[in-house]
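When the chains are written out, they are named A, B and C in that same order, and each has its own residue count from 1.
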Amino acid sequence: MTDLSNDAAFVEFQRVQKSYDGEILVVKDLNLSMPKGEFLTMLGPSGSGKTTCLMMLAGFETATHGEIMLDGQPINNIPPHKRGIGMVFQNYALFPHMTVAENLSFPLEVRKIGKSDREAKVKRALDMVQMGDFGNRRPAQLSGGQQQRIALARALVFEPELVLMDEPLGALDKQLREHMQFEITRLAHELGITTVYVTHDQTEALTMSDRVAVFDDGRIQQLAPPDQLYEEPENSFVAQFIGENNTLEGTVKSINGNTCIVTLDDGSEIDAMPVNVSRPGERTTVSIRPERVEFNKDRLHSDAHTLKAQVKEFIYMGDVFRFRMSVAGNDDFIVKTRNAPDAVRLKPGEEIEIGWLTQDCRALDA
Amino acid sequence: MRALMLIAPLLVFVLLSFVIPIASMLFRSVENGIVSETLPLTVEALDGWDADGDQLPDEAIYEAFVRDMVVAIEAKKHTRLGSRLNYEETGMSSMFRKSGRALKKLNPDTDGPFKDQLIDIHDGFGELQTWRVIKTHSVEVTNGYFLNAIDMQRTHEGAVSQPEDKQILVKLFIRTMFMSLIITGSCILLAYPISYLLATLPMRVSNLLMILVLLPFWTSLLVRTSAWKVMLQQQGVINDTLVWLGLVSDSARLIIINNQIGTIIAMTHILLPFMILPMYSVMQTIPVTYTRAAKSMGATNWTTFWRIYFPQSIPGIGAGSILVFILSIGYYITPEIVGGTKGVFISNRIAYHISSSLNWGLAAALGTILLGVVLILYWAYDKIVGIDNVKLG
Amino acid sequence: MKLKNTLLMAAACVTAAGGAMAEEMTIVSWGGAYSKSQLKAYHEPYSAKSGVTILNDDSSAEAVAKLRAMNEAGNVTWDVVDVVASDAIRLCDEGLALEIDADTQLAAAPDGTSASEDFGDLLVSDCFIPQIVYSTTFGYRTDMVGDTPPTDICAVFDLDAYPGKRALEKRPINNVEWALLCDGVAKDDVYDVLETEEGQNRALAKLDTIKDSVVWWSAGADTPQLLADGEIVMGSTYNGRLFSVIEEQKQPVAMLWDAQVFDLDGWIIPAGLSEERQKRALDYIMFATDTQRLADQAKYISYGPARASSAPLVGQHAELGIEMAPHMPTDPNNAQNTFLYNYEFWADYRDDIDAKFQAWLAK
């Protein structure tokens, strides 16, 4: 994680709260700062407050409490049209009564940019999204993917320093979505734009972002680069929400620096890394990624704790094998192995022992 | 076949209540069989008579006329013909009625010659104009009603203008169009903000507002119009209030009824829901993201409204305007009650000719012209705005 | 015996059913107080006497057009229709009304005077059975005319002495006669003058002098309402309407009987009824237009009976208990200066002058 000092921040939320009805806070005490050029994703389930944050930044909602800063200036009292922020909406919001070129020209016209300049910029923006030939079409004549590109071009055509995207790929099919993910990140990096991207799709968040802010219950649960988020979730919500995850419930038996021993509810003991447990006797949820589980004893430490596991199901997925096992009373314990030449294909009913590296097993909040 | 069966009731209904009445109106506006049916021999005999000359018809024609009239009087059709011809030439009605009794006694085979006897019975038979009118209007399909409808008349010398002091219908057509445009315009101005509020306010508030909009809609037209009379008259609520507030002196109370202002106010109010409803249903479908997108691109509130919101609401304005305009050019009760002399519409004349003068041919011609005007305006609207650009929701 | 009884019963049922179906007639009139007076004076006693059920239809205002439409459709649903005399003439001309022979088809007076003599000049059309004489005349606000209440029709045209709005009917009939009268034309010459182009223009020119002060009415209820609201200082309407404003609503309104125009209202029987229905309609007419019945109607509304023999029988108002005779337009005190609607003239000139009148109004 890049360490950011306050004065380098381009976008900053300071203790921001938002309530629609004066009682229930949909955003609770939000603090966030972004450097220029960063691609930040707000990820979370629906109702977690991520879209509200985006709308406050755009100026369509006002913060009930706290301050939002843009390039060092407080913007709470600046109306949306003076903020100079580009925006891409989930349903594209292309103006149906204008052609594609007129749509792109609109933000330039309201900025009183001359006609020839306008045309040049519109052409460049259309070329940028490979839609150069579509200037005279109406939005309704374009496919979803094409409309998405136009919406992107329109948000970028007036060269904003900050672009907000509200689930822009939600309506596209999978293949197109993956392609557009790539396009958007490429453009954002090429143009050096600061981007705030809202999605509830974690794959999108992980593949596109410099950093991801995971939202839940009106708070940022964790703000970190994708790899860190995946490998070092700071609480059980993040661990559950990002990627596939096995959990086991238990009580901390002892803590010794970077390792601790956790007694599971069936009495067996495992090694784990204490993340948000501080003393023995605390309840904890331990989290292990399926691909970090090892059942080849040779690869484990000789003194590592192991658990008995019974194979329930074997699923062949091509590049990986996926096993469902019963471990310490959890029947949905998933283990994944790469389909390497020496990979073992366990059969249902087989009983084996499994283990993991201590740092891959994180003892989180209960 | 099954599809045909399913729509059959509707088809029959449309046929009975729409196609047939309109077809019969079109037919009536040119149909004129009565003269040649009642006076077949006379019409034939008049064929050889020179209407432009200054000679009265000869004895043969008078004899043919007596033969026709004896038959017509027997069938009691002569007064009917008199009424028909009276539309063209004042005095014909009583001439036919009065001469009927005397003519009845004549025997066409034995009592000739008739020319002098007829002129004796009624001076009118000795006038060129009488025979000219009969000859001019003996055609079975006539343009006479249409000529009357545009302040002209069919004479033996062709189509000529009505005397100036009888020209009224063209003026009323123009006034009807003009007033309907003003009413449509004021409906647009009043309905737009209301519809906007209806479409953007929270559901709970907008439902209440909607009921307020619809409430007058559920009240009888006559009641609403009469209520306006109470409001607008010189000793009425509005004037009383203004005088009480001291804005208007008691001797200079505003005249806002029995003129065009009264008609415009009352009709705008009555037709307002027809503008609000289509506008509202169109505005409701304009997503808020469009205005947000425009603002994010730097457009001010006004630019956002004018360039983004307004163009998308035009289909609603179009649908509402067509509705209100077409309804208002056909209005008649409200102008009759609050319009005085300057606020009456062409429909009031149509009603007069339907129920008072019984000149249904002229009424049909006026109605046909009105229908034609609507179709032309519809066509023009389609050319200028495009009819696909009309949405009722 | 038993079988015979059953058969008799069945036969009786059939007759009763057939009778009940047939014994029904639709009478068309104007509605409101006028229809009520007919109900009390004619319908109720007739139903009691004959057992015929009478259905009311308040369509007289559109009677001419509707009768023509029914006639064209070949389905006349009305049995007896109340119309003004001019409409009766039109209907008769169009062949839409049945011709009546007064002496054989109407009741003679109690003293044996024949119906045609008893009705006299009021039989203005072969199809028309007169019922009442009403008049179109002026009423004025007693509190708005100062110390000199108008006694002369020409007060209507005198804006200096009687400033304020006046209500006139939105049609030429009556208005042009009054205009000529007040422009110096002798009463007997009015229609001769009106036949000419100059005469018509002269009438309109006279009306032009008060045009800005006129409220034009088209429904008989308008003037009474305008008088009650104080919107106008004087206005023309039917005398019965003014009677109810003055005597029933006790408004500060008085009658200006001068130059009142008599008009007639009565019955016609539509042409083309089945023989049975026609017979029933004629039976009703015979009853409803006899001397006593016409006099009875005046108990409920201040219109004069059309028979000479009815006049002495006019009594008190059924509810208000006041003598009705002085409120009749035909009362000698009221009828010092009167006009009789010239049906012949207006049948010819109505459309022509109406067009000119409307063009003048729109100017």
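Here is the rule we use: a contact is a pair of C-beta atoms (placed from the backbone, for glycine too) under 8 Å apart; a residue touches a chain by one contact, two chains touch by 3 or more.
Bear in mind that the values here come from a model prediction, so they are computed numbers and not experimental data.
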Chain whose Cα mean lies nearest the overall Cα mean: B
Farthest-lying chain, centroid of Cα atoms versus that of chain B: A
Where chain B and chain C are represented by their mean Cα positions, the distance between them in whole Å: 29
Centre distance in Å when chain A and chain B are each reduced to the mean of their C-alpha atoms: 69
Between chain A and chain C, centroid-to-centroid distance (C-alpha), Å: 89
Residues of chain A engaged with two or more neighbouring chains: none
Residues of chain C that touch chain B when the two form their complex: 61-62, 64-65, 68, 90, 92-95, 165, 170, 201, 215-216, 218, 226, 229-231, 344, 347-352, 354-356, 358-362
Chain C contact footprint on chain B (complex, rising order): 76-77, 79-80, 82-83, 86-87, 90-94, 97, 162, 165-168, 171-172, 175, 233-236, 258, 336-337, 340-342, 344, 349, 352, 354-360
Of chain B, residues touching chain A in the complex: 287, 289-290, 292-301, 303-304, 307-308, 311-312
List of chain A residues in touch with chain B within their complex: 58-60, 79-87, 89-91, 93, 95-97, 106-107, 110-111, 154-155, 158, 164
